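Chain nomenclature is as follows: A, B, C and D, assigned in order of appearance, with residue numbering initiated at 1 for each chain independently.
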Amino acid sequence: MKRIGILTSGGDCQGLNAAIRGVAKGLYVEFGKDVEIYGINDGYRGLIEGSYQQMKPDDFSGILTLGGTILGTSRQPFKLMRVMDDNSVDKVQNMKENYKKMKLDCLVVLGGNGTHKTANLLSEEGLNVVTLPKTIDNDVWGTEMTFGFSSAMEIATNVLDCIHTTATSHGRVFIVEIMGHKAGWLTLHSGIAGGADVILIPEIPYSIDSIVKTLEQRNKNGKRFSILAVAEGVLSQEEASMGKKEFKAARAKMPYPSISYRLSKEISERTGQEIRVTVPGHFQRGGSPCPYDRLLATRFGAAAAKLIADKKYGFMAALQNNVIVPVPLNEVAGKLKGVPADSDIIKTARDIGISFGD
Amino acid sequence: MKRIGILTSGGDCQGLNAAIRGVAKGLYVEFGKDVEIYGINDGYRGLIEGSYQQMKPDDFSGILTLGGTILGTSRQPFKLMRVMDDNSVDKVQNMKENYKKMKLDCLVVLGGNGTHKTANLLSEEGLNVVTLPKTIDNDVWGTEMTFGFSSAMEIATNVLDCIHTTATSHGRVFIVEIMGHKAGWLTLHSGIAGGADVILIPEIPYSIDSIVKTLEQRNKNGKRFSILAVAEGVLSQEEASMGKKEFKAARAKMPYPSISYRLSKEISERTGQEIRVTVPGHFQRGGSPCPYDRLLATRFGAAAAKLIADKKYGFMAALQNNVIVPVPLNEVAGKLKGVPADSDIIKTARDIGISFGD
Amino acid sequence: MKRIGILTSGGDCQGLNAAIRGVAKGLYVEFGKDVEIYGINDGYRGLIEGSYQQMKPDDFSGILTLGGTILGTSRQPFKLMRVMDDNSVDKVQNMKENYKKMKLDCLVVLGGNGTHKTANLLSEEGLNVVTLPKTIDNDVWGTEMTFGFSSAMEIATNVLDCIHTTATSHGRVFIVEIMGHKAGWLTLHSGIAGGADVILIPEIPYSIDSIVKTLEQRNKNGKRFSILAVAEGVLSQEEASMGKKEFKAARAKMPYPSISYRLSKEISERTGQEIRVTVPGHFQRGGSPCPYDRLLATRFGAAAAKLIADKKYGFMAALQNNVIVPVPLNEVAGKLKGVPADSDIIKTARDIGISFGD
Amino acid sequence: MKRIGILTSGGDCQGLNAAIRGVAKGLYVEFGKDVEIYGINDGYRGLIEGSYQQMKPDDFSGILTLGGTILGTSRQPFKLMRVMDDNSVDKVQNMKENYKKMKLDCLVVLGGNGTHKTANLLSEEGLNVVTLPKTIDNDVWGTEMTFGFSSAMEIATNVLDCIHTTATSHGRVFIVEIMGHKAGWLTLHSGIAGGADVILIPEIPYSIDSIVKTLEQRNKNGKRFSILAVAEGVLSQEEASMGKKEFKAARAKMPYPSISYRLSKEISERTGQEIRVTVPGHFQRGGSPCPYDRLLATRFGAAAAKLIADKKYGFMAALQNNVIVPVPLNEVAGKLKGVPADSDIIKTARDIGISFGD
């Protein structure tokens, strides 16, 4: 009898349940009645506290299109420092003990960057771990694509579409703030798909001068409106040249709920134009996964089941050149996949006249 | 030859183009080649400044599903005071002169409450005016329904749906701020359709005590999460008892971009729970009209054409008991249709356990 | 302790689960722990065969947006003849016995026209029955609106939208066949909302001559394409003048899977134009209910709970002038609500140049 | 002054206008005012007949989300035989002459497989040609992805979703027929994303025995329903072993409008179960492109403009390993990209228990 534990960790996103279903269906096809699947509640917290239950095949039916995660999730249990403190050590110890108590053959972990750091740690501590890359940010190293990203991109693009009609009708400038603290994938893709005129991403620090110039040029060309797609994690060129401490201090003083409001104020002061800000927020992470994400999550899930069948532990199922491949966890952990400067898509955007504010 | 002017005024919403198309198709069927339609640009501003152009039948093709307004729009040209100032008088004079210069037989106006005040004024000044009620707020007096409302309700509900999956997965409390400064229709309808646990609307001032009690009760019943649908124009019971000046002064000091952030802080301080706020904003007014709004806008448009054919001027096309009827402009102007205290739908909501925070 | 049974009968549609949830939430608010709800499986069949189970409050969580019915459904158990045969009598007897065995205080029935005949019969046989009107056809007597209709209208309109782009690009004539055997509501509403040029409904028998004339007129006016929205239950003026037997015999010989193919052939022979047929079929009845249907179904459900609390049995919850009211079952049973000849909406359609093929 | 012609050919699909816009924006950024763009009407037909017009920059505004093609399209002008007949030769001659008359520097062609044969022919005849791969079938050789495919996949999956709720509620077997005469990409992707139990594609001939066995096994496992996603171009194993003539003759006798009806009859006779068929048809090709397709089409369009700037003629813009690359037209023409037998995605599907009827 194989005993497999499964948990979802970090911010929820679309496709988690589709991936869970993929893992389960794959395991049932592979092992038939010789497998027991245990759902661990609320991410790593459930593993630390020993909160879990055995799942029945029926639990995985009808969840392909369901948003969120049937297992619950929670934030990472510890910020992994170079040197872990006692509290962290205890938590790791708890997880190892519960893994043993549950007599698991493998732990399947669905999560993003933080989750993968912890998953790699558990793997290094000797647990059998297989992971799936989920996040709307698409910033997990080693895979071209994470599930959740495409669904979030559809929502963000849809917001841009809706703002477009208002911007056109009123002749206004709009800022749409799109999720993404460190990586600009979501803003870049939805910005182009949604017809944004200016796209600001964390990988390309912006200059207010450049943005203002673009807006003025559009006015000159008779364009009544402009739309800026702005990642929540953007920073100015000045900020980019600051040290980490200095930057944090500067931001701590920023009297705005988010960067878009600062941008709005700065641009409005310079151009005299009224600027409207829209912050769709968590909305981008919820709801039913789009068909592409369901397919991708299912592929990742089935691949995880295969890895378990082959006793290939310590890997993340990843997409590379459109094929699912295993990538060692220690290659994934601690890295971030940002938009590269020579990205084909950034070039495309520039080629059709989109400004990156640089 | 009939000469008809048409303008869209105030905030844009879904269905404006469908309504414009309905007016045009109705006029062409009624008058054939004996009608000329003039599109007036950017709302009343175009009438004041004499900015307009003759439309061709093709201009009204393919716009049934198009968001925004092909004519452009702008804010009301003057806040209608009990006593108009010289500037206002001049603007009214300009509009009358341009109406005459254009040799119009009738002016068709699409707009909400502010727009109708002005439309009534022009009608009282002797212009032939026919209007259509548009607004996502559904707060125009004399009609059961305005176009734009259903589309906005679908968007707001969709936001609630998406937030639901995140709230469930993380076990959090979420506030979703929905448009509506003075009327709670949009929040009420989408709140029920989106499964909100607490609905706050301007018509029912809230008490933090009551809200906190509801949330605590849900916790006791084992509910991991709660969702509050909050109209942007809500006020507390204390605020409701203030005079207008006192209220304005109090609000001016409020250090939050909108009421939801204040609510979030107050509830979080009382319950110790983390609260997340989502403000979809202008997103709710944009994009393609939903099928119901296209049908309703088309019906209003066709009715306006009929009124013109019958030379029945000074009316708004309205929906009453599911039939389109004309309502005199002077009955509409200056009134607001809020959610009545004995509303059938509020009763429904209470009957299934939804709290209104009162 | 109140004991309430609930069943869904006839073809499934959007909003059934929302209505079930509304009933349950209403009962729990009304009676607290003093109510037990029994789900009866697969429509009346479950009542005949005694197949049911007690529901827990959790069973009604998270189903507001879920398509289909968690209780299952089946066709009507017997075609209600003027004189029932022995088999029918036995089935009625079984239902009465199981109702008693289950010690029900009331049976809540969700269904369309056929379902209401049986519900009324059971009521006349002495059972306590309360019903809710569901059907995408919107043809239940006594209520302005049934739930399911708006969702199906959105789907049918969306199909028309998609066909529109192909029709425009290729300059073709398209027939879209929309559900509705006896009533044309769905075709009428989605036809207008989807910009159809010709709308054919069962209530208005068509003449091929008239249709061909309309298409030729459009060609003359330079329109490259035409779209016909056709209810599956339409008949020609010749067929309308036939006796029932003669009509059935004629249709039995029709060598087409559905009426649209016959229309396609006839029109194509007359005009020389190529005609494409699209039959979305059951697709129109499935998927998540639209926000309007969720609200309406919830209102009906809450009203049913109120009727039970008031011991008002033998009623259907209905919408009249936008308020929920009880309508006696014996007024509903056996009647069909078709589109009236003097319908405000048909007039609108004609006023903007839509042809009904008559 | 650069003079660029652009045409769209073959069946329309989502993203054509987004691609046209991408080409235009790319050209305007590259050449500024030194470029004139000519829209050729209704595909190659416009080039044969000399029907075209000069486009203005404004013509390309607001079309990013618009379905269909603003240029119109038509079927291929000639079936390219090994030996062309006189009529074909004349048409080619006409195209060359009009190309010269229009003084074009390059012709941009958007289309699928048939279109590319002709494009290659024109290139071999000495015209400067650049192409973009469009089709919902995703079967163009040399590119991982064509635009239109993702949008059609979303629609087909949505149909499967809707059918799912009805199938579950009624306990029925449903066949959903999905577009794809020669390639199974659309059925394969949407089948997995939509949770189909059996997927039939042209690349894997089916056996009724195998399908029946799968359905019976599902019944044994207590599954009340089954959904078959069937490509319109599937054939049985017997048919696959026939010669081309024999196959055509056999199909010509088939008394069904499409293969799904035959399957339905055969399965129903063998299992005694009622089978429902849904054929969404052209609906799958229409409507607004999904965000992914808008991005992809924009990238292809921008790449085409770059090729023109670099005077690299005779190429198709293609996606390979997620980067846009040029592929010589003569490598593309006349080939079909079917789903390979060792496809990673087919393996995934089998790994989670989906049957391919083989």
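One rule holds in what follows: a contact is a pair of C-beta atoms (placed from the backbone, for glycine too) under 8 Å apart; a residue touches a chain by one contact, two chains touch by 3 or more.
No experiment lies behind these values; they were computed from the predicted model shown.
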Original post:
What chains do subunit A and subunit B have as common neighbours?
Top reply: none
Original post:
Could you state the distance in Å from the CA-based centre of subunit A to that of subunit C?
Top reply: 42
**OP:** Determine the centre-to-centre distance between subunit C and subunit D, using the mean Cα coordinates as centres, and give it in whole Å.
**Re:** 35
Subject >> Inter-centroid spacing, subunit D versus subunit A (mean Cα positions, whole Å) >> reply: 31
**OP:** Scan subunit D for residues touching two or more other chains and write them down.
**Re:** 158, 161, 168
**OP:** Pick one for the touching-chains graph, please: line, ring, star, complete, other.
**Re:** ring
Subject >> Touching pairs among all chains present in the structure >> reply: A-B, A-D, B-C, C-D
Original post:
In the complex formed with subunit D, which residues of subunit A make contact?
Top reply: 22, 25-26, 28-30, 62, 64-65, 144, 150, 153-154, 157-158, 161, 168, 189-190, 192-195, 290-292, 294-295, 298-299, 301-303, 305-306, 321-324, 344-345, 348, 351-353
Original post:
Okay, in this complex, where on subunit C does subunit D touch?
Top reply: 8, 11-12, 16, 42, 66-69, 72-74, 155, 158-159, 161-166, 168-171, 174, 224, 257, 261, 276-287
